[in-house]
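Here the structure comes first, spelled out in structure tokens, and everything after it is commentary.
Each chain carries a letter (A, B, C and D) given by its place in the written order, and its residues are counted from 1.
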Amino acid sequence: MAATVETISPLSRVGRIVRENPVIPLVLLLFALIALLNVLQPGIFNERWVGNTIRFAMPLAMLAACQTLTMLTGGIDLSAGVAATVSAFVVATLTPLVGGPMAIMLALGAAVLIGLVNGFGVGICRVHPLIMTLGTGLIATGCLQVYQRYVINTGSEIPWFFEFLGTGRTLGMPNGLYLFVPFAILIIWGLRRTGFGRLLYAIGANENATRLSGVRSWQVLMALYTLSGLIAGITGLLYVGIIRAPSLSLANSLMLPSVAAAVIGGTSIFGGRGTYSGTIVGALILTVLGTLLTLLQIPEGARRLLFGAIILAVTALYVRITDQS
Amino acid sequence: MTRVLARYGWSLGLLAILAILLVATRLIQPNFGASGLDSLARAALPFAFATVGMGIVVIAGGIDLSIASIMAVAGVVAALLMHQMGDANAGWVVLIVLTRVPDIVVTLAMLFVWEGVALLILNAPGGAAAPWLRELVVGAVTIPGLPPELTSWLPRALVVLIAFVVIFWLPLRRSKLGLSIYAIGSDQHAAFRSGVPIGLTRVAAYGFAGLFAALGGLSITLSTGIGEPIAGPYLMASVAAVVLGGVALTGGKGGLLGPIIAVFILRTLRLDLTLLSVDPNVTTIIEGTIMVAVVMAGGLLAMRGRR
Amino acid sequence: QDYTIGVSNTVQGNGWREEMICAIKAQALKSGEVASLNIAHRNTDAAGQLEDIRNLIQAGVDAIVVNPANPEGINAAIKEATDAGIVVVAVDQAVTEPSAYVVSNNQEEYGYLGAKWLFEQIGGEGSVVYMRGAAGASADNDRDKGFKRALAEYPGVKVAQEVFTGWQQDQGKQQILDYLATGVAFDGVWTSGIDNVIVDAFVESGAPLVPIVGADNAGFVGQLGSVEGLVGAAVTNPGSIGAAGVTVALNILKGEKPAEQTVLVTPALWDNVSEEGKASIAAAQNPNLDPEWPVSVSIADYTTYSTDEIIACKGPGE
Amino acid sequence: MTEAAAGRVVLDARGVAKRFGAVAALKDASLTVKAGEIVALMGANGAGKSTFVKILTGALRPDSGHIHIDGQESRFTSPAQARRAGIMPVYQEPSLIPDLDVGDNLRLVDAPIEPFRHWVDALGITNLRLDDTISQLPLATLRILDLALTLAKEPKVLMLDEMTAALPTDLVERVLTVIRGQADAGRTVIYISHRFAEIARVCDRASVLRDGVTVGDFVIEPGIEEKIVELMLGGVPTRAEVTGAHIRAVSSAETPRLRVSQLAAGSRLADVSFELRKGEVLGVVALEGQGQDELFDVLAGFRRAQGGTIEVDGKAASFGHPADAIAKGLTLVPGDRKDALLMLRSVRENIALPLLARPSKWGAIPMREEAARVTGAVERLQIDMRAQAEVRRLSGGNQQKVTIGRWVAAGVETLLLFDPTRGIDVRTKHQIYPLLRELAAQGASILFYTSELGEIPLACDRAIVIFGGRIVDVIDAEAATEQNLMRAAYGLTEKERAASSSAEARP
């Protein structure tokens, strides 16, 4: 009996590797989905399709970065979608008036402002992030509507740089990767190797303990939500470059999927646990899943049902494999 | 006394806000009266049911993102069954069927699933509600033997709401199951060690949430007379009301009285903004600001209390 | 005379609905007969609209212009309003409550007209992508009826793919790009108003253009005039229908009831193939307009404001 | 007497094994207890005691092994089942529901109220109300409530896992009396503690675990301690001789590191003044609730004082946030490790946390330097790193070491230790005392509250005694015998008697 306890079976070793690298099962799942797609629609796995998938997964993954970062501290950013929309709408409507660079500054400024207000509320006034960001989301939507009325007749134009990123390709891959790859590397590195990244995990794991260690958590939260606003703003710029049609609800539809991407990617909504690489894979999975369901000729109701059921199955399986309890 | 104040202080504060808002409504619109209260109560009904459902789950330390979609499913199923079979009782079958069993993160996925189910059942608004059931939530209460002037101020919708909450929640709150719901929300580890069956309790909490969400969906069908397969704005509204009502999103704290008052506050606020004919976009801004401000003020008060 | 008019609308943040609100404001101001507008404009469902209408009744308005969330769901409140002597005009979509007046775009006709043109254009033979609006919405359902009616008339036409865009630009674009990338074969695209991103997707991915049906949104109408090789048609669906509602309501308040309880505004179709259509498109061009806004900003006989006035989006007392 | 009462075997566990991933927490644990017996379960930190208790009470499932209750094979799958069979634990962490009040907690586990009240009284908690919310009660009270609640349910087998670790001496006395009474009434008690004195007082036998294996079973008798310690630690006892030699002559002319005068806070800390010199370890002795919690909280910047002054290195200081105190070199190791640890994160992240606190350190982490510091601290405190990926998987004692190691890695000037040896095994304790001396010799100043009076002469230069929120005595290490300290802690010194009679009017 003692002997069986001492030896580690190969299966449990695999289990451990997987547990320590939770991205692996996610990547496997992604490939399984692609394989399934290729069976259903032979020849789909071509360069163009891969490019398109990545193109639409990028903004989702970026917005999901807002969720991942805030969820690590036990928060959430429900205003991210609105912030992205604000930034996209502002840049498209202001470019004809004040020129690209200035419009970009103003657009990002608006998004950062939303983040700052969130940071103030969450960090200093201790409002629950869900309520705070929901509230600022509402406020920003209202402001955007009011703003919209003054720019109905100014036309819209998207700075060429973002059209280049959003619609252009290099070697078949979308140009958006020029923005996204450095961004992703920065976030992944930042979470693992910077003090700020560590503090996000720490605050989510036990805010009291960070206080005890001399962390003023309001500083971290303030910086975090402002950063989240900035990321959302950049996402909005990239997204409007991809869609090329500013609207008052442009990125709002990315909101729930961005939370889903983070959750599928293994980020705990209670804080303290998660990785951005997981989130990226989560975003890819959602995008591929979307395509899969679009191409299946089934009623819309069944489509959504399947979408939910698959997410359910993935998370259930994932939680089991990685043994989170 | 101070203990009572400490425990119910938040609800009392909300009640005061509600009273002020109602007085303000009366000042803005001197004609505001029984019919106004009635429509307020009817408007609040689905929100209140959703909030009660959400509240129970949140107290148990979870969150139910699928609450609005469940309401849609309940609504369309009820509308369809009543339409086809002309049998109002079918509405109640729904409640039992929908008392379902998901888990915490799972509810996000369930949101999509229920959305899909609602669309599969009814791909466009339709169906019908049984007239006698619709009467149930319309108008004022009439109690035989009492002069109607006395009861004309009491909307039926409010009575229905109170009846359901009293029937289900009050006994539950004091029961062992109710305590267990608080326990798993407060500290799951400690609850497990105290012998609370975590899984079963969670199932029960989500079950009750499903029940109330179904009631909410039913109440929508009763007020609109049809079933709508697209979920309304009840998810975020219910979360907001739960938090405004003093239930901690971390679980274990608070009751359902506060959230229900919060629902009425939010509805009255909207009424007042309409009466004042405020620019609609500004309305959104005001609603967001007030929501944040109330919670912020609560946080600051709590912080000063601790000092 | 100074009337107070209430407005209830349940979709926010959509160009078409924003134009509707602006049209209502502009017409109310222009008429000179409206003292104030009381607008309930938010994202909600039928139950929420019931609440809004009841709040408007409480506010004591003289008339209510409502874009119904669905045809039956708000009947109860409409009945309460008309019982209280308030004139109720449903715009854009019909309601089944008989006491209300209806000034509506004919959504079934909208679906039929575009589909018929498209099927004709591909020679009555082939397959099309059918990009619908939001699942479960009643306008989408009506358009679907029209589309199916046309489909029945052209047995040679098949639907290659049917999908809901949710009236979201980004969704529509991703879906069409998926079709283009995966080699789904089709000869035409029918859209429920998510149109300019579809053209963009073809252009960006360098795929050969096929005939595309959209709505009269400024962006798409611009593309019909300018995109090389694009064959397409815009079906009008004027947001200014809201202004028509105001006019009808004011007339009723002044005692001039319309002959029929229901006034249907039949959509027009502007294609860039026929001369007539080309002329309409050329006339409707307005590159400065928000691309989501319909270009048909006025309805003859019902609206009296100028284009600048609707763009200014100012109501009485602002 | 015990021999006579003990008869029937109540619980018999054989060959219990439990593995968590790579860590074999238990390999071959056995335990037999009879009715009316108190058996001590002993072992170093991480030996597997808590795991064993959790398995016996259904909170964990064993990988293998057999457990018989009253001769019947039992396989509990939840604490609820074990409770029904009369096997009831008091775990180290309070198992009461923080957001419910006392009455609701009773109802939750169906504990009868009258016996509960009886036990609460017997255990020395006065003025408890049934509508007190648990989260607002002090830790020591919670431990007692946990025990009272369990006793009220009349357990067949009572298991106490380091129940006394957080208790002040007076309450420990009462607990020991009560459990002795339980055994005399024919019940069975399994008792875990790292304090041999307690075990010698009440236990009949001791069963020793080492690295998950039961290595011995002894009848408690005088002189057995050395043997048990030797067996527990699996080698020569490493009891470092630290008494006496370390007491430094400190000149009182020097500016003290910390000068506290007339400090008052909350309802309990009334008026405390003392000096903590450079290179000094100053003990703090107090019974439960005499204001020591408030004192440490104020000094660490967790709460504001209502009166009095704090001077650091001769300069007046006031702290609005722990960060302010840390900036002045004052760092706290709190009594409750749950407050201090990031349970989901690794040992390394936990230890390195203070290094990253200031915004200027938010940038790239110097990984090598950090690794060196962390390794240094881990080695100095001998932290068991087998389960290092998540601190919650460490045994209780090792978790406690991480809370201290953090400040060892960050470098200490003034360390405020609130009962740091709580739940730490005898070997590690005897590593910690010299560590404190060493830190002091390097110039650190240490304020050291302990609930175990015997530690004072082992580690401190002097000790202050707090009673009723005031300092009632200052005792030098030489004079700090347990009796002296105890008398002082109860406010029974000559000085205090004189003082209190002269100041009777004080509230």
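The rule is simple: a contact is a pair of C-beta atoms (placed from the backbone, for glycine too) under 8 Å apart; a residue touches a chain by one contact, two chains touch by 3 or more.
None of the values given here were measured: they were computed from a predicted structure.
Both chain A and chain B are touched by C, D. Per-chain Cα centroids separate chain C from chain D by 72 Å. Between the CA-based centres of chain A and chain C the separation comes to 33 Å, rounded to the whole angstrom.
Centre-to-centre separation between chain B and chain D, using Cα means, comes to 46 Å. In chain B, the residues that touch at least two other chains are 118-119, 123, 229, 279, 281, 283-284.
Shown for chain C are the residues in touch with two or more other chains, namely 12, 135. Taken as a graph of touching chains, this assembly fits none of the simple shapes: it is neither a line, a ring, a star nor a complete graph. Pairwise, the chains that touch each other are A-B, A-C, A-D, B-C, B-D.
Across the complex, chain B meets chain A through its residues 104-106, 108-121, 123, 229, 236, 239-240, 243-244, 249, 279, 281-285, 287-289, 291-292, 295-296, 299-300, 303. Looking at the complex, you find that chain C touches chain B at residues 4, 12, 21, 36-48, 50-52, 54-60, 69-76, 134-138, 140-141.
Residues 3, 176, 179-180, 182-183, 185-187, 189-197, 252-253, 307 of chain B touch chain D in their complex. Chain contact summary for the complex, chain D toward chain B: residues 59, 78-80, 83, 89, 91, 93-100, 104-105, 107-110, 131, 304.
By the touch rule above, chain A contacts chain C in their complex via residues 41, 43-44, 46, 48-49, 51-52, 55-56, 141, 144-145, 148-149, 151-156, 167, 239, 242-254, 290-291, 294-295, 297, 300-301.
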